[in-house]
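Two complexes come next, and they have one chain in common, subunit A, joined by subunit B in the first and subunit C in the second.
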Partner chain A sequence: MWLTFRATFIRNLITMKRAYPWSFFIGHILNGVYLTLFAYLTYHYVFDGSLDSRFQQYADTGNYLSYVISGALLYTFSVSLLMIVSRAIISELREGTLEALLLTPSSRKGYFLGYLSQGFMRLSLEFVIVLIIGGFFGLTFSNVNIIGTLVVLLVFIVSLFAQALVLGGFMLYFRDTYLTQNTLFMVMGLVCSVTFPIEYLPNQIHWIGQIMPLTHGTDAFRQVFIEGASLSTVGTSLIWLLGLIAIYFPIGTIMMQKMERHVLEKHFG
Partner chain B sequence: MLEAKAITKTYTVKQKQGWFKREKQQVHAVKGIDLTIEPGEIVGLLGLNGAGKTTTIKMLSTLLSPSSGTITIDGHDAVQDARYLKQMVNMIAGGERMLYFRLTGKENLAFFGRLYGLNGKELTARVNALIKLVELEDAQDLPVERYSKGMKQRLQIARGLLNQPHYLFLDEPTLGLDAPIAKQLRSIVKDLAMEQNKGVLLTSHYLEEVEELCDRVYIIDKGTVMMHDTPANIINTVVLDYRVIVTTAHLNETFKHDIIKTASTKQLSIEFYDTGDGTVWEVTASFDPTQVFLDIIMTHHQPIFKLEMKMPKLEDAILQLAKERSA
Partner chain C sequence: MNWINGMWAEMVKSHQHNFHSKMIYLSLFFWPVLLFITSYFALKPFDLGSTSPIAEFFDPDDLMLFLLTGYLGYIFFWSLVQSAWQTSYERQTGTLELIFLTPVSRLAFVYGRAAGNLFEAVWLFSVFTVLMLVIVGGMQSIVWSALPLAFVILIVSAVIWGGFLNVVFLFSRDASFLFTILEEPMEFFAGIRLPVAAFPVWGKVIAYIFPLTFVLEMIRGLVVEGKSFTELLSPFAWLVGILSLLFLLTIILLNKAEKNAKETGNMVLF
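What follows is the complex of A and B.
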């Protein structure tokens, strides 16, 4: 598994250094910055700093800008990570290298982890840049629980990885990336408490937010990062994330295996 | 030995019926093929489009599982022991697939080498040796997107040999290549079988290539084996016509009449074409008619400008089979 991991990591690193369009990198950062700026401008110039009385109750914080900026930060991060991992196999299919890959006795786990790790390297840079920019627009760093933040991010990343496998399975089934991923990202933006608490939405659609790792990831991240809460405070969110990992990971693994066969039969048969 | 016994492959495809309705249909791509490949042997797999060649190769290379039947290598089952088989086989396809265009030749081989479990000095040594084998030393550090077709195909061969496979499947390996490059590839394939004792399965639309390289040929049609033998035996079995082309001085009517009479007696088919240089006779018979015509020509004291025996080729055999099938 580790040789496959290493092979994929090195290959993706070389490809990124040689051919990665830096406009993508800037584009991802700008997404986060636009969300931050939008929140800042509307908060100060449209709402004049006043919040709905329910906000504090729903969001467990009165710091609206930190709430939105941290949501934007994790949303951008999630979208990028989901894209990196979920598009791996379909990209091989499109580039004509899937057969060569599947001919080898390589570990699929190692392959996806290689993708995840190399992608994480780039995303960390984007994350830090958006975080710093967020600092200028109201994101507070005074109460950060560093250990708690790292633990939450680690669990969150694993849960996104598991979700990306499922998304990748759908992409292979529909033989499409654009519509499949953007449908998910649009729903995530709406129901995952990115810019407003999900409680503002009708109860009937809350469950959609509950099955998204982003909802629980942002919730826990805000607690430990903005409020400086302890890990025990965010225990419920962490349990949700672990539960989603336990569900998405086996489903994603089986789906990927089935879809690889499906694609081989449809595409090459 | 690689052995496929009664392998079949059935796909389920959905056919559109109007706007919303879709009907499932079963397509039997392979309907029970038996096939063997011995180490050191080059075996051809021929058939018209849609015969099931590619599906058969994908099953032999573990990319697809057979719907029924078994594929074994030295007793190891392809489905139950797929990991072992993946170490024992590899596939090289024609065209410009199966390589990462943004990586250099060397980086491509290093990537795939690691996927086959190679590492450190062993990986470096294997990659360097293969780069040398396919004569890509000067281009090893160039991105593949800057390679010519021939260079890409040679790199594919190197990729296909990374795991030192015992059996190699070549799916149209010389597709679209210039004649000198194709010849070089054929020479590499011959060496792989003769010197490295690898079993090779070859599909190609260039039938002269198959005739030149293969020890045995399977001809498949609609998912079943139509014929299986050496190229020479297939030709002898299928192509029953001998063709002789003779060019002489322009024929006078007496001579022509004599020839037609003899042709009728001996049950030969004959056609004449007058050219600037003389008359060309094209004779087709179920036996070698050379002696018969030499006798007539000698009787009439006619000079022979040119005498050509057209030996039947594998291509003639395939065309004949296709003709019989469509009849």
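What follows is the complex of A and C.
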């Protein structure tokens, strides 16, 4: 497994240096920055800082800008991570290297972890840039619970990884990335408390938000990062995230295996 | 009539190209609707009562109507960006050379593509808009007689805008980058979600770069506020100015690109 991990890591590092479409990278950052910037403009210039009375109660904070900026931060992070992992196999298929990959006895676990850890280099760079820009527009750093934030982010990353495996399975099934991924991202933008608390939505669609790691990830992140709450206060969100991992991970693994066979039959049969 | 043939052929082609799979309805219908709903709820955390600072520009109770007209205009323009983005495949797969070898009018090709994609892309969202109007009850405040004029303005501007984008995407290596940079500012500054009048001066300056700003001002003026055409002459003049500029640029770029291609055998201009 570690051999595959290293090999994938090194290969992707070389790809990133030589042939990575950097417009993706800038696109992801811009996405987060625009969400931040337009929230700031709307809040300060158009509405003069007047909020709806229910916001405080729904969001557990009266700080709209910190709320939206942390939402934007984790949203861009999730989109990037989901894209990196879920597009792995289908990119091999498109570039013609899938056959070679399937012929080797390499461990799939090592392969995906290698993909993720290499992608993590870009991810953290994006994260830090959006975080710094967010700081200029009103994200507060004064109460950060550092250990809590790191724990929340770690669990969140694992849950996104599990979700990405399921997404990747769907992509291979539809043999499409553009429509599948963007549909998911748009749904996430609506139901995951990114720019407004989920409570504003009708009750009937809350469950869609509940099955997305991003909803619980942003909830927990806001508590520990903005409010400086201890880990015990975000226990429910963490349990949700762990539960989602327990569901998505096996489903994703099985789907990936099935889809590999499906693709093999369809393309090389 | 050579150019009508060319335009029609291009419309049929892009229809067959786009509608080979039902998945297209995701991007044609589901995405715009999601986008609309998301921006509706994204305004909810703000004070939308009668004391809100925004109340001096429009009645917050009409927010739904305001957003609906805004997004209708936006979808017209946005669907063309998407189709223009796909035009670049034409160059990558080499079929663009074939088209340029035929005696078809280049302009007909560019505008045929824009027009063909436009009608197919927007009818679903237009139906959605009407349905929403019936549900939320904005029907009575609409000036029906102004509707045809509003649609003509919307369609003509969108097609000219789309033709320009087609040309830009045809001759550049990676114009999707431009799309990434400009798409969201257009959604924010063109007055789709919030009235341009509520922006600070520099915000208004940015808004006036986008033809959509004036299109929306005209549509809302004519259809929602019931103004007469003469009251809207100033945005109309701006709109005509910007569109003529875009039209001129389209022709210049097309000629330049073709000349360049003949000399260097390379379709890429920038």
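Here is the rule we use: the second predicted complex is superposed on the first by the 269 of 269 C-alpha atoms of A that agree within 3 Å, B and C clash if a C-alpha of one lies under 4 Å from a C-alpha of the other, contacts with A are read in each partner's own complex, and residues count from 1 in each chain.
In this section, contacts are C-beta pairs under 8 Å (C-beta built on N, C-alpha and C of every residue); 3 or more make two chains touch, one makes a residue touch a chain.
Computed from a predicted structure; not experimentally measured.
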| item | value |
| --- | --- |
| Partner chain(s) touched by A:Thr195 [first = subunit B, second = subunit C, both, neither] | second |
| Contacts of A:Leu103 with subunit B and subunit C, given as first, second, both or neither | first |
| Contacts of A:Ile129 with subunit B and subunit C, given as first, second, both or neither | neither |
| First, second, both or neither for A:Val144, with subunit B first and subunit C second | neither |
| Touching partner for A:Ile251 - first (subunit B), second (subunit C), both, neither | neither |
| Partner chain(s) touched by A:Phe47 [first = subunit B, second = subunit C, both, neither] | second |
| Which superposed partner A:Ile10 touches (first subunit B, second subunit C, both, neither) | first |
| If touched residues of subunit A are counted for subunit B and for subunit C, the larger one | C |
| Contacts of A:Thr183 with subunit B and subunit C, given as first, second, both or neither | second |
| First, second, both or neither for A:Glu265, with subunit B first and subunit C second | first |
| Contacting residues of subunit A [partner subunit B, same complex] | 3-4, 6-7, 10-11, 14-15, 18-19, 95-97, 99-106, 261, 264-265, 268-269 |
| Touching residues on subunit A, where the partner in the complex is subunit C | 21, 23, 26-27, 30-31, 34, 38, 41-43, 45-48, 50-53, 55, 59, 64, 67, 174, 176, 179, 182-183, 186-187, 189-190, 195-197, 200-201 |
| Subunit A-touching residues of subunit C, taken from the complex the two chains share | 23, 26-27, 30-31, 34-35, 37-38, 41-48, 51-54, 174, 176-177, 180-181, 184-185, 188, 194, 198-200, 203 |
| Residues of subunit B touching subunit A in the complex | 9, 11, 29, 54-55, 58, 61-65, 82-83, 86-87, 89-91, 93, 95-103, 107, 110-112, 114-119, 143, 159, 163 |
